[in-house]
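The following pair of complexes shares a single chain, chain A, combined with chain B in the former and chain C in the latter.
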Partner chain A sequence: MADSEVFVDTGELAPEPPPSGAVQWIRDNLAYSVSSTITTIVVGFIVFFGLRALIAWFLNPFRKWSSVTANSRLLMVQAYPDAQFSRVWISVGIVVVLAGLSAAVWRVAGKVSVGQVASGLLSVGSAALVLALLAPGEFTGGRGILAVSGLAIAGAGYLWKRAKKASINDPVISTVALAGFGLVLIAVFLWTIKLPVQEVFADGTKEVTSQALANSTKVPWTILLGVLAASYVIGVAIRDAVPALRRILVGLWALSFPAILMVVMRAPDIKWDTVLSLDLPIFLVVGAAVGAALYVIGAPDTGEWKFIVSALGLVLAILWVLFSWYLFDPTSTSPFHITSSAADVLQRLEFKFPLILGALFALAAPSFGGAKAARLQFIGVWWAALGLLIMSFRLGAASSLLQLSGTAFVGGLALTFTLAIAGIVLSFPLGVLLALGRASTMPIVRMISTTYIELVRSVPLITWLYIGSNLLNLFLAGVVDIDSVVRAIIAITLFSAAYLAENVRGGLQSIPKGQYEAADAVGMSVVQKTVLITLPQALKAVIPALVGQVISLFKDTSLVSIIGLFDLLYIARTVVPGQSANLGSIMEMTVIAAAIYWVFTFTFSRSSMRLERRLGLGTR
Partner chain B sequence: MTTAIQRPTRPPFYRDVTVLKWVFQIAFLIGIVTVFWLLGTFSIANLAKQNLAVSWDFMARPVGFQVAEGFTTFPESGFEALLVGVTNMLRVTISGILAATILGIIIGVSRLSHNWLVNKLATVYIETIRNIPLLVQIVFWGIVVSIIPDIVVDETSDGSLKSLFGLRLLPEGWIFASPKGFALPWFVPTDGRWQWVGFMIVGAVATRYVYRWRIRLQEAGTAEARAFLWSGGVLLAFAIVGTFAHPVMGIFGPVFGFVAAFFQNTPIIIFQIVLAGLAVGGAYYIIKKRLDELRTPAGLGKLTDDDWFRLVMAAVVALGLALFFLLQSGPVEAIVGQGTIFGQDIGFSQLFTGLENRFSFVGGAPFDFSLPAIDGRFNNYLPDAGHVITRAYFALWIGVVLYTAAFIGEAVRAGVLAVPRGQTEAGFAVGLRRSQLLRMIVLPQAFRIILPPVGNQYLNLAKNTSLGIAVAYPDIVQVGQTIFNQTGQTIPIVISWMAWYSFVSLTLSAIVNRWNKKLKLVER
Partner chain C sequence: MKKMQRILAVLVVLGIFATACTADDTAPTTPDDTTQTDPGTTDTTAPGSTDPTTPVAGQSGGATLDEVRARGVLKCGVSGSAVAFSETQSDGSMTGFDAEMCRAVAAAVLGDANAVEFAALTAAERFTALAAGEIDVLIRNTTWTQSRDTTLGLDFGPTTYYDGQGVMGKASDGFTADSTLADVDGAVLCTNAGTTTEKNISEGAAQAGATIVLSTVAEFPEAMEGFKAGSCDLVTTDASGLVGNMVTAIRDGEIQEGDWVVFPRAPISKEPLGPVYRQNDSQWADIVNWTVYATFIADEFGATSGNVESLIGDVDLNPELGRLFGVTDDELQSTMGLEADAFYNVISQVGNYDEIFTRTLNPVGIFRDGSYNAQWYDGGMIYAPPAR
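Take a look at the complex of A and B:
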């Protein structure tokens, strides 16, 4: 397999010390001096009692863990209609397929020695066993299961390790095989492990029954696990045949988020006759007209007039969008007329925004034009951008087919993810522009960018969320009604852009001066220099910082629960403990919410570390 | 000999970079101003529809609500309510920074410990705390306090915490714990505390001189000078002597009174002229400094349009400020204390009058020891007895402290690891003990690396205190939100928030930058 060329962290740089028995280990690591012995004893006592209290709390029969199992769907997606629930599974399926393909294409597979696996099993099992032994009370219920499974796992690990020691060579197994085994195990657990679930009947009596883990969702989860494995296998099969697969996958990842959010989850009610009579003509006419203009303007022998024409075009397009209401309808007082919904506004602007986009492309044409091939490529980018713009207008303006209780069509963990991803994606262009503005030689632009960045960064996010939820409506009431989730996304985007700008600025400063000078020497324009030389290097340098920002943004989305959005924390903290069947379960729900956040954040930070190592490996 | 230099012909205006730059900037500025103008018009129109107009009147008017905790719980005006929020925010921030620093250093050092148990415990702590949103943690601690009786309070007692896990802690009636929070014995300040604080300021100055003197001795190489011991002793001596001798500071009372009278009675035009002069002088200093920087040995360097813009801006802003001070007497009157601002009588004159009243030869101990007590009528702690830590305060405080300490710990660890290994080896080679090595070689160098990220964490902590709203802690955000729910004055409240948090950020980063500059290696 080609996997052998991939860097595998087998700990070669730090070989394990020669085996020397438990007493020697304690002498080396816990009791190497008088003070260290005392510290060990004191800290050991604290750890002992802390763990004991913790495990006792978890296994206490009075804990209402059934409130979690009964509300897992609420925690994940809030009140998504039952009839349409397959949409949720399709969304997860899209992510799973992409994840499986990416895992194959980016060759995450590695090798671990059997000894390491055995040690891992041994430590996990003994940790479980120790926890079970520490807990007060009888060996029944959760404690018994913990003790038995811990003993079994630790025993298996120990025996395996012994067996390995007996053989001379240290065999290795693929991490893919391990992961596959884990998937099968999870699938089996889904069907076999039973959890107590409390049911409340109409007459108020409660009954606790045992139900399988993920009782109502075990079929879709099993299918999804299979899909994950299958897509990995397909990825392995085609990764060598399709060389552009990495680029395609990056594009698919980028498209998957808006596609899931706007198409799959939202179920837009697209009127095809409008698409055919309005969108398609606009797309074809504007696309062809601007495309032809780009072809002429981008030619290298075109004279100076191209700048004047495209600048004038931009100014006229902006003026038209902003002031058309005044020029054509002086009785109206607002640029968008008095409208009731965002959909109407989008509908009205559909023809105008493509023109602004076209004028911007015309301005950039001399920088990216040139030979015929380059011009044609640029025109291709224009068509793609125009198509995306018109499509997002149509998707945004279409009403949803779903009959939902609230305004938002997602809640719970799905809302948390929506806010985080939308925040980071939308803040990216703004953040890059702000960073460029702050680093530019234009004093007014620099002053405004700096003021924005510093002001936004010095004020906490919660105040921005309040500003978003209270002031945005004040500013735009009567113009457009913005949904509360969208307002939160706007606030998070504006906030996150300032932090992103500072990260990107760090990247800009890390570029050697020689790069600018070389770009100047070959006669590049400012735009060319920025887009082709500066930004690619700056963005690559700040990828770790950007991932860090994604993580902190993911955590920060919990703040929207304060302004009353139904995100994971709000549901865990307010909705579920308010149900009559689950009164008094607020502690359990908060702990579970914390655990969910922890799992994702921890995974992100570990993968960002791996990414950092990989990037470092590539450059050195 | 001299060949005529061919001056490049000026490009046409639409290709002249400078012209294009300025055209773009002016267009950009117009665009921004237009957007803000549009938003302003819309919001004024929308407010008018609700029969509202943006006004700051609420600052002077009484507010109809009670603040849960703070220096007063019945604020007399909107301004005072916001002030309570500000002091509450500062209370958490300052004590939080102190506690987070101590805990963070312990965590960071533990992460580097050779002791397996300590090392792993610190790692688990950091990985747990860092990866859970702070808001969840604050909510969690709030819930922990709210279920206290189930855990530790003896059912037969009156709420006094006698034992924890079977260990007897303190005499009965010293510590109370209940869902409303905790109450501890504390030193309650008396009227003489201001004089004592004044005494301690003198003590701090003296301590600084003693410290420098001992350091000089040390550097002269005479003996082990023990600068820390000496200066600590001096400060302690001042604290003890001050407990009895603080009425001496009363002699400053009349001085403060004189200053207050000066601010009250001097004609306002003099202050206006002084402030205007300061503005112009400041601009002159800035412009001169900038020009000196640009000056080459052969005279002035070539000023770019950017330089010109900076110089002109400095001059314009200064002149604007000067004109403002000269033409508008109101703000200046408010600053010196001859007029009011938001209906509040606050200014330099009032400040010094207050100091005069507090430095009035009051005798007695500056602090009284006081035990907590329970108010039977309301089933709550007596606010003035002992020290009451409310549930909201505790949840917010412990949340931000634990959270920030994890990040500070990582910064400390990174800083210590960044000290070159050769330094440690050299220290061992000259025969230093491990503790000496840490104290004299590693930590001073690591401190320089640690300070910037830790300063950043302090800023984050200050901002994160705003999350107290989740447990109803009355900081400026919570109080402001209550006010705008009542009055509908969203815009003034938002402006107050921005002004306050910008002030805190600027102050904190100024302090950190100053330290940073002081510690920076002097490089050639």
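Take a look at the complex of A and C:
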């Protein structure tokens, strides 16, 4: 009885359990003072009537929801040609495979308890039931379905909770199983849920038929859901066997966007004889020559002459680009003058840009060189960068095999994504450079960066889009023919980079001075100090701001409709309501566009929260 | 720091070279650069020496036809979201009255009505796109006005559709087809902002002595939503758009026939819609104009896409049609730079004016009878000069 010896009764009673129950909860949270009671009642009325009006609007039999299903393809890719449509599915397939593998490799799976799932069901079901009960009018059609399904879901959740009362908080349900169940459910919905589809004939009469939710696309979507599940399973199977899988996947994600855009969607007409006779020799000769030079220059015992050699190399390479038109091509007058298209410019620059890249690598070599292993790794990066450069020149110069109508080869959600991803990816390095430039001690660099940032930020994005689209085209008419999508990307990138620079600068300023001094103390060069010490910390500190910028950039792409590009929102609000079959569907289409934007922005913000947790941001 | 100074020094030297290079750009262009093989790229001035007087590409005389021929496809600017005039269908194809006119031009120039690349343009950028040479012809329900004709460097072709602004009200509010602007006193009137519609109705109501409460929204469909919900007593835009919305609402069962009425009988404004092209290219202007006239003439003499093939073999073929289709006289078309059978292709592949009108505008409740768009002998204004 050792316990009783330690226990000392002080004569005090155990504290009473705090009062609980629904009435007490309301008293604590909704009506703890006179003003809070009034607020609760007022807000309650507003929510009640607002929800009632909203649900009545959704369930109105005159709502033209069929305009959404009939135009889903227009919303996604605008006028992508029928014959080539498999390219769209391949693009989605690439993303789906990478997503499945990543989910497995980053171990997103976890366990949740019965209580969590059952409570989720209960709240979703009761919300649906409450909405159905709130709606005015008869219990028919959509309202009836909503009420019955809400009741069923809530009932299932409640009964499950009752049945598993003892083990309700044990984490026994795998989220993988839940997600798998969700996928099966989606597949079943694709095939079973029917929606009315309206067809209008030439004489003005119409016919309403009932069609499956994704009538023409249910087979590919079902296959894609299967591919997602399969790639997750494969990812689980190989994640332990291939230790570098995370790095490989990061690389594949980085490559997926240009690959989808330039190879799959654009279908470049690659001349393989040119690749073999031109690209491959350039790659091998320049790669080997510069690689050897990097090996020598990067060695720690190489003298100061290495800087002179690499700087001279850069100057010569740039001079060659600028003056070769005068020296070697008598018919040409400037690097910007070409005879037919942007493709020709790329074709000509292909010879010279690898040398500029090589000279830049040579300048950076002393910072990243050192021991033999480090030098070899740096040379590997050089080969990869050279390969990417030559490949992008080849792909950019090749003409598209697609027969497309309209000015842009993508539209709808695909265009929104193209602009957003290209804008983010391209503005990131530019923005970081600008931030470093503004924080730099070199007066000219700092002045240029500051001027750029302040100038760009002081003008609205719409203005930059107009400048990029109309003025650029008028100035360069006949000189170089830049695609309208590229023009928009240029404007968005230049605009976004200025804002990104300020975010990154905020991060740079948050780093304690000791970090800089410590880096100086161990003898790091300026480049090493920036790349290895300050920049990673600065970027980590501003993740929330950067994600906020990504989200706003994603939504800002809807402004491109003013320069004639048909993004998701323009198609939803102007093109579809302009079809005589779907006249008067503007509110329905706007709601759907809003829902699509919400799904993606919500995903962005959730993933950034996950990233912040992983990096331990905000906890130290 | 020393390293950075060295790099900076290199950059400064580089900058000097670059400046010197820009100065060199004023060197005269070689004769090679001004060949007429590719008229879109004759501007050879380099950046840094941009000459404001240099003509913009595509404005040089007589170039558009060669450009279209070389390209093998006509670039036609349309709206892409104008009910019954140019609608983007759910599969991405373009239909409607304006789209058919584009096909007619393509049939005349290239012999293939499907050799059209439609560029869907917003109202704001349509003229810039045409001036910059991104499109060959603009057929985008564009009203012919004096300022547009004289200040934009563009010219207007023959009017293909005579529209006019109207007002739509509800019969339950006491409006009839005989109502006038004097009857709208005190009503809330909705329309989309940024068009001449707004100005026209304010001027018209003021002249009629009525005071209106004007409520503007961004897009016309939003004004229709307000009209249906009752927050607007009246909506106003071009009569074709009002009738289209009314007929659709009847079709979809939202209203009964006669619930909504469009008035007044004489439209508030004149809105002649037709093709637009760059000025100073007479050959191209002739081609577009006479393609439109060919559809008028074929309608006048009863040549349709159905009977035109048998007509040209007929010995009793109307002489005007004979000249138009290049059967009796192939000089008329070839002096314009077209094939002799250019307009035969237009009629056989696209149809005459009446066919185009019936196919595209009848489904939304717009009919020719009694309107300005009837032939001149039926009291309308569709009148083509003779083909001879």
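Quick notes on this one:
We adopt the following convention: the second predicted complex is superposed on the first by the 558 of 620 C-alpha atoms of A that agree within 3 Å, B and C clash if a C-alpha of one lies under 4 Å from a C-alpha of the other, contacts with A are read in each partner's own complex, and residues count from 1 in each chain.
The definition used in the following text is that a contact is a pair of C-beta atoms (placed from the backbone, for glycine too) under 8 Å apart; a residue touches a chain by one contact, two chains touch by 3 or more.
Just so you know, these numbers come straight off a predicted model, no measurement behind them.
In the superposed pair of complexes, A:Met587 makes contact with chain B and with chain C alike.
By the document's definition of touching, of the two partners only chain B reaches A:Phe49; chain C does not. Applying the stated contact rule after C-alpha superposition, one finds that A:Pro460 touches chain B and leaves chain C untouched.
In the superposition on chain A, A:Ala103 makes contact with neither chain B nor chain C. When the two structures are aligned on the shared chain, A:Asp82 is found in touch with chain C, with no touch to chain B. In the superposed model, A:Val432 makes contact with neither chain B nor chain C. Legend: residue contacts after superposition of the two complexes on their common chain; A:Lys64 is shown touching chain C, with no touch to chain B. Of the two partner chains placed around the shared chain by superposition, chain B and chain C are both touched by A:Phe307. Contact with both chain B and chain C is seen for A:Ser561 once the two complexes are overlaid on the shared chain. The intersection of chain A residues touching chain B with those touching chain C, taken from the two complexes, comprises 307, 322, 333-334, 442, 444, 470, 474-475, 477-479, 561-562, 573, 586-587.
The touching residues of chain A, when paired with chain B in their complex, are 29-30, 32, 36, 39-40, 43-44, 47, 49, 304, 307-308, 322, 333-335, 441-445, 448, 454-455, 457-463, 466-467, 470-471, 474-479, 555-556, 558-559, 561-562, 569, 573, 586-587, 590-591, 593-594, 597-598, 601-602, 605.
Chain C contributes residues 1, 3-4, 6-8, 10, 13-14, 17-18, 21, 24-25, 27, 29-30, 32-33, 38, 40-47, 50, 56-58, 79-84, 87-94, 116-122, 124-125, 128-129, 131-134, 219, 221-222, 224-225, 228, 244-245, 247-249, 251-254, 359, 362-365 to its touches with chain A in the complex. The touching residues of chain A, counted against chain C in their complex, run 62, 64, 70-71, 73-74, 78-82, 198, 200-206, 307, 311, 314-315, 318-319, 322-323, 326, 330-331, 333-334, 336-340, 363, 405-407, 442, 444, 469-470, 473-475, 477-479, 481, 525-526, 561-564, 566, 571, 573-575, 577-580, 583-587. Those residues of chain B lying in contact with chain A across their complex are 12, 14-15, 21, 24-26, 28-29, 32, 34, 38-39, 42-43, 45-47, 49, 114-118, 121, 127-128, 130-137, 139-140, 143-144, 147, 165, 304-306, 309-310, 313, 463-464, 466-467, 469-470, 477, 481, 484, 490-491, 494, 497-498, 501-502, 504-506.
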